[in-house]
Amino acid sequence: MAKKKQVEVDLNSDWGYSPAPESKGHIKIKPQYDQFIGGKFVKPSNGKYFDTINPANNEKLSSIALGSAKDVDKAVRAARKAYSEVWSKLSGKERGKYIFRIARLIQERAREFSVIESLDGGKTIRESRDVDVPLAANHFFYYAGWADKLEYAFPNKKPTSLGVAGQIIPWNFPLLMAAWKIAPALAAGNTVVLKPAETTSLTALKLAELIKDSGLPDGVVNIVTGFGDTGAAIVNHPDVNKVAFTGSTGVGKIIQRAIAGTNKKCTLELGGKAANIIFEDAPINQAVEGIVNGIYFNQGHVCCAGSRLFVQESVYEEVIRKLKHRMNTLIVGDPMDKNTDIGAINSKEQLDTINKYIKIGQQEGAEFYQPACKLPKKGNWCPPTLFTNVSQSSRITQEEIFGPVLAVQTFRTVDEVIAKANNTPYGLSAGIWTDKGSKIFNMTTKMRAGVVWANTYNKFDPTSPFGGYKESGFGREGGLQGLSAYLNLN
Amino acid sequence: MAKTVTKKNVKVLENGNGVAKTNRLSVLKTYKIYIGGKFPRTESGRYYELKDSSGNLLANMCLSSRKDYRNAVVAARGAFGPWADRAAFNRGQILYRIGEMLEGRRAQFVDELMQVGSSKLSAEQEVDLSVDRLIYYAGWCDKYTQIFSSVNPVASAHFNFSVPEPTGVVAAIASESTGVLGLVSVIAPVIAGGNSIIALASETKALCAVSFAEVINSSDVPGGVVNIITGKEDELYKHMSTHMDVNSFIYAGSNAEHFKTIQVNAADTVKRVLDYSKVEWTSEKGQSPYYISDHQETKTTWHPIENIGGSSSKY
Amino acid sequence: MSRIKSKSLLPDFKLSPTVDQVGIEERTARFQTRSIKSETKVVGLKKVLNMIDLTTLEGKDTPGKVKQMCYKAQHLHDSMPDLPTTAAVCVYPSMVSLAKAELIGSGVKVASVSTAFPSGQAPMEVKISDTKFAVDQGADEIDMVISRGRFHAGDYNFVFDEIAAIKEACGRARLKVILETGELGTLDKVRRASDIAMYAGADFIKTSTGKIAVAATMPVTLVMLEAIKDYYYKTGIMIGMKPAGGISKAKLALHYLVMVRETLGDAWLTNEWFRFGASSLANDVLMQLVKQETGNYQSADYFSID
C-alpha cells in the first residue's frame, strides 16, 4: 500500500504557467479626462483634477476631473433640458433603438473596455473579459427591448417616466454598475446624471465616448466625476427626481436621510454578509467550487459575496481540506495575466481595511489560513484568506469586509443554520448546497435575502432581479422588476 | 375605567342591540388596545377623552405609550413567521372571515362612526366600503403572487425565478379622517401579503378602531398579526419610526414634518417608507394589488438545470 | 483480491457522492481559460506525447499495421531531437506478443484490451481467459471493460466482483478499467462506477472504448478525477486516469493536463498516473511543437501517419 500523504498542488513545479499577459497595445488612455455634460466633454469648473491609479502597481494612469456642486448643477440642467425637450418626447421605440446601439458598441469594443477595467480597478482580465463587460452589454440589450413595452410590465397601470435620475455607483464592477443604472433609466424614459467611484472612473468616461458615438441626444446621459461630496451634490440637487445608489450601507443611510421630505424616488443596493450553507448531502466538490466563487471572485469585492460559510459538521473536515487544496491552486497577482484568479485590491485604503479585519480575526482566536503565494512587490495584494473556528459573535462574521476573507462556522441542524444565517442586519444573498430538492425549497424560502443561489453562487443576468432585504437596501435591479425603480405607476 | 353615563350612551346601546327602549341601565364598553391577540389597557395607565360633536364624553381611550408600541412590535415579530408561512388560501379565508364579522356588526360600526361625527349615509358607505375592501383583499391573497412573480430566462443553464415575499413587521399611522376605512385599507393589504402590522388608529375617530380589533379577534387572525393602538401621533411617531425591529412604515397621516422625521429615522435601519398621505381611501385608487406589493420583497432563486437528454455531445 | 482487505472499508456504492453537472461544466470551462504559453507549452506538449497510449483496435489490424505503430511510438518525429516515446501502445490480445517484440528495450509498454472488448458481453470464464492470454503474451497493462448492462440493472456487486476477478487474473500487469461513460447516462453514474472500479482493484480508471460516439469529455474526466482524489484521501492509494477517444488536438490535451494538475496535483502528471488513449493526437502535438520551435504554422504533410 502506498504511503499516505496529503494531496497537494505544487505551484513551483516544472510545469507552472508561464506569464500570459493580455495585450495593451491597442488601448489608448488619455492623460486627462473631463466630465461628460450635455453631450460634450467639459472641464471642471474649479479646474481641478485628481489621479486615477493602477492598483496593481500604484502608478498613475490618468487625471480625472474633480467635479464640484457647480458641475453637478450643470449636468442636472443638461439632463433636465434633454428630458423635457427631447427624450420625454421620443417614442419608446426610438429610445430603445438608441439603447440597442449602445449595447452593440460595447460588444464591438469589449476587449478595450476589459483591459481598461482591469488596469483601473485591479480586477483580473479573465473576469472583466468574461463577466463584467459582456454582462454590461447584455444589460443594455435587455432593457433596450423594454423601452416600447413598458405598459405590458405593470398590469392595470400607466407607467410614466420620472425625469432626471441621479445615480452613484461603486468601484467593484464599474462598467457593469453603470450599465445596471443607465440602461433601465433610459428605457423608462428618464435622463441620467451618473457619478462613478473615484478610484474607477475610466470605463464610465470611455462609456461616455461611446455614448457620444452612438448619437444619443446631448444631455440624456451625463457623467460627473469626483468623490463623496460630488455624489452628495447629486443626491441633494433639488431638480433630481430619483436617486439610485449602490455602495455601502453607511452611505446608503446618509442618502436615505438626505432625501427625507423630498419627493425623490430612491433605490438602494447596499452591503451584505451572505451565508453560504453546505449540507452533508451536497455535491461537495462543486460546493467547494461554489465557496471559492462565492468569496474569492473579484477579490471578494462583491456585496453579495458568500463571506459567511456554514458547513454541516459531518462533512466539515472534508470540505475544509478540499477548500484549502483549491485555494492553493488560485493564482494571485497581475490582473492583466490571463491566468490570474485573484487580482489587485482596488485601493490602498481598502487593503488597509481588509488587513485590519484579518488582524481582528487573528486576535479573536480564529484559525487562520492563507496559501503560500508569491505576491508582486508593488501594488495592493491580499491572498485568499480563510478563518475557521469562528463564532457568530466574531466581528469577522458580523461585519462586511469586502475582501477575499472567508469566515467558517459549523452547524448541526436545519433550524440552527436558518437562525444563524438570518441573524444579521443584512439580507442581500445566500447560498444553499444540498442534493435534496425539498430541502432546497425549504431553505430558499426561509432565507431572508433577495437572491438565493442553490447549488451555484454569484450568478448574474440582466433578466434576473437583484437586490436586498433589510439593511441591504430596497428596490431591484435587473429584470422586469428593475423597471419600476424608474417609473411612476399611475 | 370610570365612565360618565350619558344619554347618548344609553341610546347607542339600545340602537345597537335593536332592543326596545327600556329604562335598564346600559353596560358600557371599555375601549382598550389590541396587542398580541389580547386587549390590555395601556401600560401607562393614561387615557384621553373622546367626545362627540356636542362635547359629551364618548369614551376614555387608551393613550398608548412607546412601551405599548414596543410590546406590539414584539407580538408582531413573533406572529410574522407563522403568518407568512400560512397557505395563501388560508390567509384569504381569514381575511374573508374578517369581512363577514364586520358585516355582522354593521349597525354597531355605523353608530360608532355617527358618534364621532359622520352622517348616517357616509357612515353606512364607509362601513360597506370597508367590508367590500376586506373581501377584495381576501380574494387577492392567493393571486398577487402570480401577478408579481416571474420566471427569468437567464442565459446560463439555470432555472431562475422571482417571487414576492412579505417584508416583515410593518408599522402604520392610519389616516385621521376616517374611523374604520383608513384602518382597513392599510391593514388588509399588509396582512394579505403575509406581514404583521402595528397600526396607530385615528385619534379622533378611535371608537371603531377598537371595535375593529374585536372583529379581527373573532376572525381566526392569529394573535399578533394585527395590533391596534390608540393615542396621539405627536407622541408616538418618533418612537414608531426609530424602532429597529420594524421593517416597513406606512404614513397615512397629514403632517409633512412628521413624515420627514419618520423618513429620517427610518434610514437608521433602512426601513421601507410608504407615503399614503395623499391617498383618497374612498376612491377607486384606494385599493389595488400594488398596496400588497408595497410590502413585498422580491426574492430571486437560482438553480442549475442538468442537461442530459439533449446534449449527448456535451455530457 | 481487492486491495481493500476489510469489507467494512467498502462504501455503499448507492451512496456515492452526487455530482452537479452544471457545476462540473463551469469548472471545466474555467480550466480552458488557462492560457498555456511559451516554455509551459513546450514542456506540456512533451508530457502529452509521453502520456499517449498509441492505439489501434480495429478488426482489420494486421501485424504490419501494429509494427508500423510500434515504430512510431519510439520515433515520433526524428527530425526533432529530445522527443520522448509514447507511454504505451494499445492493441488486441492477438497482437500483444508481436508488439512486445517490436518494443523491446524501448521502455514503451504494451497494453492490451480484454474481457470481450468492447461490449464485455461474454461469460466470466471467457473474460478471465482473455485476460490471462494477454498477460501470458507479455502485456504490461490490461484495459478491461465493465459490464454496463449489469451496472444499469443495479447489480453493483456483480460489477465489483468481476473487476476484482480480472485484477487477480492480471497478476503483475496494471489494470485499467473502462467505464464506457458514454453508455452510463449521467455523471452521478460515472462517479458510482468510478468508485466501484477503484475499490474493486483498478490501477487506472478509463473513460471509453473509443467504439461508441460519445467518448472522453472534460466533464466526465473531471468527475473521475474527483473520484480518484476522494479515494486517495480515504486510502492513500493513487489511482491513474485515462481519458480515451475524442482527444485529438494538442490544445485540448493541454487543458486536460491543467485539469489534472489543479484537481490532483503534480504527482499525477506522469505517464505512471495519467494517459491519453488516442491515435491521432500525437501528430497534432508534434505540429504544435515544431511550430513553437520554428514559429511557422505546420502542414500535416510533414508528419508521418502511422
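Note that the chains take the letters A, B and C in the order they are written out, and that residue 1 is the start of every chain.
Criterion: a residue touches a chain if its C-beta (ideal position, glycine included) is under 8 Å from a C-beta of that chain, and two chains touch if they have at least 3 such contacts.
All figures in this text were calculated on a predicted structure; none of them were measured in a lab.
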item: Chain with minimal offset from the mean of all protein Cα atoms; value: A
item: Of B-C and A-C, pair with higher C-beta contact tally; value: A-C
item: Centroid spacing, where centroids are CA-atom means, of chain A and chain B in whole angstrom; value: 38
item: Computed distance of Cα centres, chain C from chain A, in Å; value: 43
item: Centre-of-Cα separation between chain C and chain B, whole angstrom; value: 70
item: Chain C, residues touching no fewer than two other chains; value: 20, 22-23
item: Of all residues in chain B, the ones touching two or more other chains; value: 156, 158, 304
item: Chain A residues counted as touching two or more neighbouring chains; value: 455-456
item: Residue ranges of chain B in contact with chain C within the complex; value: 156-158, 304-308, 312-315
item: Residues on chain B engaged by chain A in the complex (per definition of touch); value: 147, 150, 152-156, 158, 160, 162, 165, 167-168, 247, 256, 259-261, 263-264, 266-270, 272, 288, 290, 297-304
item: Of all residues in chain C, those that touch chain B in their complex; value: 20-23, 25, 185-187, 213-214, 217, 219-220
item: In the complex with chain B, residue positions of chain A that touch it; value: 138, 155-157, 249, 252-254, 256-257, 259-261, 268, 270, 425, 440, 444-445, 447-456, 459, 461, 463-467, 469-474, 476, 479-481, 489
item: Chain A contact footprint on chain C (complex, rising order); value: 3, 17-20, 22-24, 26-27, 33-41, 43-44, 47, 226, 229, 232-233, 235-238, 257, 261-262, 264-267, 269
